[in-house]
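Structure first, then comments.
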Amino acid sequence: MKKLEASGLTTEEIIQAYRTILLGRRLDERLWQLTRIGKTSFNISGQGHEVGQVAMAMAFQPEKDYFLPYYRDMSACLVWGMTPKDILLGSLGKEDDPSSHGRQMPNHYGSKEHNIVSHSSTVSTQFPLATGVAYGAQLKKADYVTLTATGEGAANQGEVQEAMNFAGVKKLPMVFVIENNGYAISVGVDEQYANEKMSDRGPAYGFPGIQVNGNDFAETYLAFKKAADNARSGKGPTLIELMVTRLTSHSADDDHSIYRTKEDLAGLREKDGLTLFEKQLIEEGYLSQEELKAIDSDLRKEIDQATEAAERMPDPTADSILDQVYAD
Amino acid sequence: MTMAMMTYLEAIKKGIEEEMARDERVVIFGEDVGGVKGGVFGVTKGLAEKFGEERCFNTPLTEGQIGGLAVGLGLVGYRPIGEFQFADYILPAVNQLISEASRMRYRTKGDWTAPVVYRAPYGGGVRGGLYHSQSTEKVLFGQPGLRIVTPSSPHDAKGLIKAAIRCDDPVLFYEHKRLYRLLKEDVPEEDYTVPLDKANVVREGEDLTVIAYGMVLNHALKAAETLSEEGIEAEIVDVRSLYPLDKETLVKAAKKTGKVLLVTEDNLEGSIMSEISAVIAEEALFDLDAPIRRLAGPDSPSMPYAIALERAFLVDEDKVRTAMRELAEF
Amino acid sequence: MSIETIKMPHLGESVTEASLSLWIVKAGDQINKYDPIAEAVSDKVTTEIPSNYTGVVKDLLIDTDMDVAIGTPIMTIETADAGKSPSENGNGKAAKMQTEEFIDHLNEEIDKAGSQPIERTTESVNRESALHSDKEKGHSPRYSPAVMRISQERGIDLSEVEGTGKHGRITRKDVLQFNPAAKPEAGMNTKVADTVAKRKQNDQPDRMPAEQEHAHKGFQATEYSVPADGIRKAIAKKMVQSTTEIPHAWMMVEADVSNIVALREKTKDQFREQEGVSLSYFPFFVKAVVQALKKHPVINTSWKEGSIIYHGEINLSIAVATDEHLFVPVIKKADGYSISGLSREISRLAELARRGKLTSADMQGGTMTLNNTGSFGSIQSMGIINHPQAAILQVESISKRFVPTADGGFKAADMVNLCLSIDHRIIDGLQAGRFLQTVKDNLNRYSSEEDLY
């Protein structure tokens, strides 16, 4: 039985999904390299989240739906329309960086062109904003859906509860996602929350909460598809807890080997959604080992070209320091 | 020009009403703002009925949410007005106001903007105790990207709220709750705005310059009339634009007399007057004929409830008059 | 082909040093850009370091487990130019430039800056004008509130003060250091100001005054020059004026002051307790001189264009030396003081001098000078008259000597030399001798506690 077929996506769409997942992985690896060479100052990655993020994002209509991401959402942003060069421009702090024009740290994604709203570093401030964007759809009688994401640690912020409560009251056309990778920097879930599942918080605010395995492409896609459809058809919001794996340290400034057990670290590869997805693609006959390699080789070239192109772009000039503090 | 007698509160309400009629993107919300109540002070009374429950609505008791909801609506083209029931209650929303509203434009170099208004009744003298009397404007002062304004007259109240709603920047609009029904004057019924970045010289004089806003500005105006009979003529400036400050007008007024009295009902230390003092010291040093003076509340944590304590805290007309006379005679 | 250097990368916010735990490559290895070359360890992270170049590893510059600063070169690599990343080829404007390119670039920027002055923003121009002295514009100068206050407190005429601040503005320090008695001529003062200004430009701000600086340097084997400061130059000018204009004559007498030594010994502790100042010998001499001047008014005079001015007041200048300078404050109407009163007044003036707080009023109007040279151990000296006065008396140190007694024996006595310099245009030896005799007689009279009050 081809499980991926159950997603209802075409073979082309599934192969495209794989390309984006692998692109997210390889691009993130490049960002780490640039940090270690000293060309960027920082990186915070979503390695281990890619399958779940790509499946999630593909359930939406990026040309009209709004996305208010958090800092690990690079792969989802790629689905929403950002390019590897866009991402690299941000990490390199270039003038043409669509996220912030060199003003924010790396990995603070945003793009006016692609309906991706800029976010801050004080975690989860995007949640109340997302309710405003979603309420706008109700006011306009527009059929766009708003998706916003955060991690399981940041999901404990008061603003997350305030936003979900409001969304429940107003039955807003939106989807909340908590990407649960088990760690808030060094702190495990047992010190973060006492619910059995984060998704239990959905019903507490009057809407469904679903936990999905983010390493399972089809399961994730279908869950978000349903949530997006519900939102679009006026049935209100859904909270989805996306269970994923954090393969890397929290950030380029962190070393997870000091707080994660050897067993945990040794077992990470088995919990890597990318590897599992590749296995599934071969088993279900979508792609051969050779085809996977060929895609990887293409993507590496694409990333090399994007890196060179991004590096050539100009830095912001010092005299622009006061541009756009206020209107006019 | 046709005029109508209006209180400060009615002028704010009139301004909002006119803007909501003029531009359907204007929406207003907050705790008790919608429905038949129309706000605990009644500023939005009748707006829900007139413009519908979608454009004038209640929110749960979640100030952070009010702060962020406004920004989100601004992102998709609305002109939202979020009401904080008291300026004291703005504190849970500070993260949204500083991390999101004030930085959205800058951190995207203008790609995304937050054209929002936050209204907040502030000020003491209403037996409000610690948490219904505060002047919290200093908490959000000095956050580039955010504007803070406050009217000190019904005329300015209407013109300033209209300008704030039309402005593409986030504007924090402070309303002095003691002035709500205390002040009444003829206000133009026509459409007009008052600039968000200009202080206003409300009285001219040669002997000293008083810089203030809100209730204490009105104390200064009254004191100036009695002092005039003693031969002391005060120049009085309404700061009006609390942030960014209209340095040009403030410095010019300071230079005019060389004697500067800064009055606030906030605590003495770390108030907006502290910054105005620094600006004048930097820009007007050689024109000063006396040390810059600040008249303010004591440095107690907010304004206490018991009547004797509240009076001890409040800067009243007598205190302003005495300080003005002393400085004039220096 | 070219040689490129790989440096220890930034490894976390606030991390300043790191070490390598492992070299993954060795000299001679062919590697690609982004291949890992080593494993690095810092306080925050353990990570692989990728190569920034494609080429052949040349030298490994540091050993493993050696802490080095972030930015330290760790490896060199020989690259084919074609393998350079776009930034190293200098294509991008933002590209990291090689050292030589960077220096060239810097020089270009400097040249540009020289030919096209940078336009100042309105704000900085405004600021400038607020601090600007309007002297050049022909307006009256503007003083900071602090300058105004100090000048008023000290009675300083600000038109006499030369400013060392920006655009010649008079600074608070200028007024604090201004010494009207030492007011030199404009030309000289300008030079002082120039020197100060130059020092300010060349060195760090707040340099010590020249003499102090000299003292701090200690002896040096090579000759060097230190510009004299304004006060020193003023003293020099005054001294030259005194010695060239006034024909000096000198006379010395010795006096037995055993009675004063005994009296002081007996009363000093109680005096200190009661009066709050210690009782020194100097006020006794001041009193003796003041009393003698009453009897010999010719000593209390000035020569002025062929006339002798007899002063109606006895205002006694007393010389007070600080580490840096000599000040001559005046005891006004000195004949109005008892010895204890003089004690307090001298103490007050000396304290002001030491703290640099003498005002011009404190130093004006002296009619004769008394110099306490004994305080630094001198037993004989020739004072230079304080122009336009007519006399200066040096009070030398008191020492025990055997002196003959009237009955032909010897006794131990406390002896002091009094050295008088006189303006020989006004005063002759006879008058000087008589004056000194009166001083001696007066000194002899102080024997009981009542004489102090």
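In order of appearance the chains are A, B and C, and numbering begins at 1 in each one.
Here, a contact is a pair of C-beta atoms (placed from the backbone, for glycine too) under 8 Å apart; a residue touches a chain by one contact, two chains touch by 3 or more.
As the structure is a prediction and not an experimental result, all values here were calculated from the model.
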Between A-B and A-C, the pair joined by more C-beta contacts: A-B
Nearest-to-centre chain - CA centroid comparison: B
Between chain C and chain B, distance of the C-alpha-averaged centres to the nearest whole Å: 52
Inter-centroid spacing, chain C versus chain A (mean Cα positions, whole Å): 67
Approximate Å spacing (C-alpha centroids) for the pair chain A, chain B: 41
Partner chain C, residues of chain A touching it in the complex: 30, 32-33, 35-39, 41-42, 94, 249, 252-255, 257, 308, 311-315
Partner chain A, residues of chain C touching it in the complex: 7, 9-13, 34, 40, 44-50, 52, 85-87, 91-95
For the chain A and chain B complex, residues of the former touching the latter: 66, 98-101, 103-104, 108, 110-112, 117-118, 120, 122, 125, 127-140, 158-159, 162-163, 165-166, 169, 323-327
Residue ranges of chain C in contact with chain B within the complex: 126-127, 130, 142-145
Touch list for chain B against partner chain C, complex: 282-286, 288
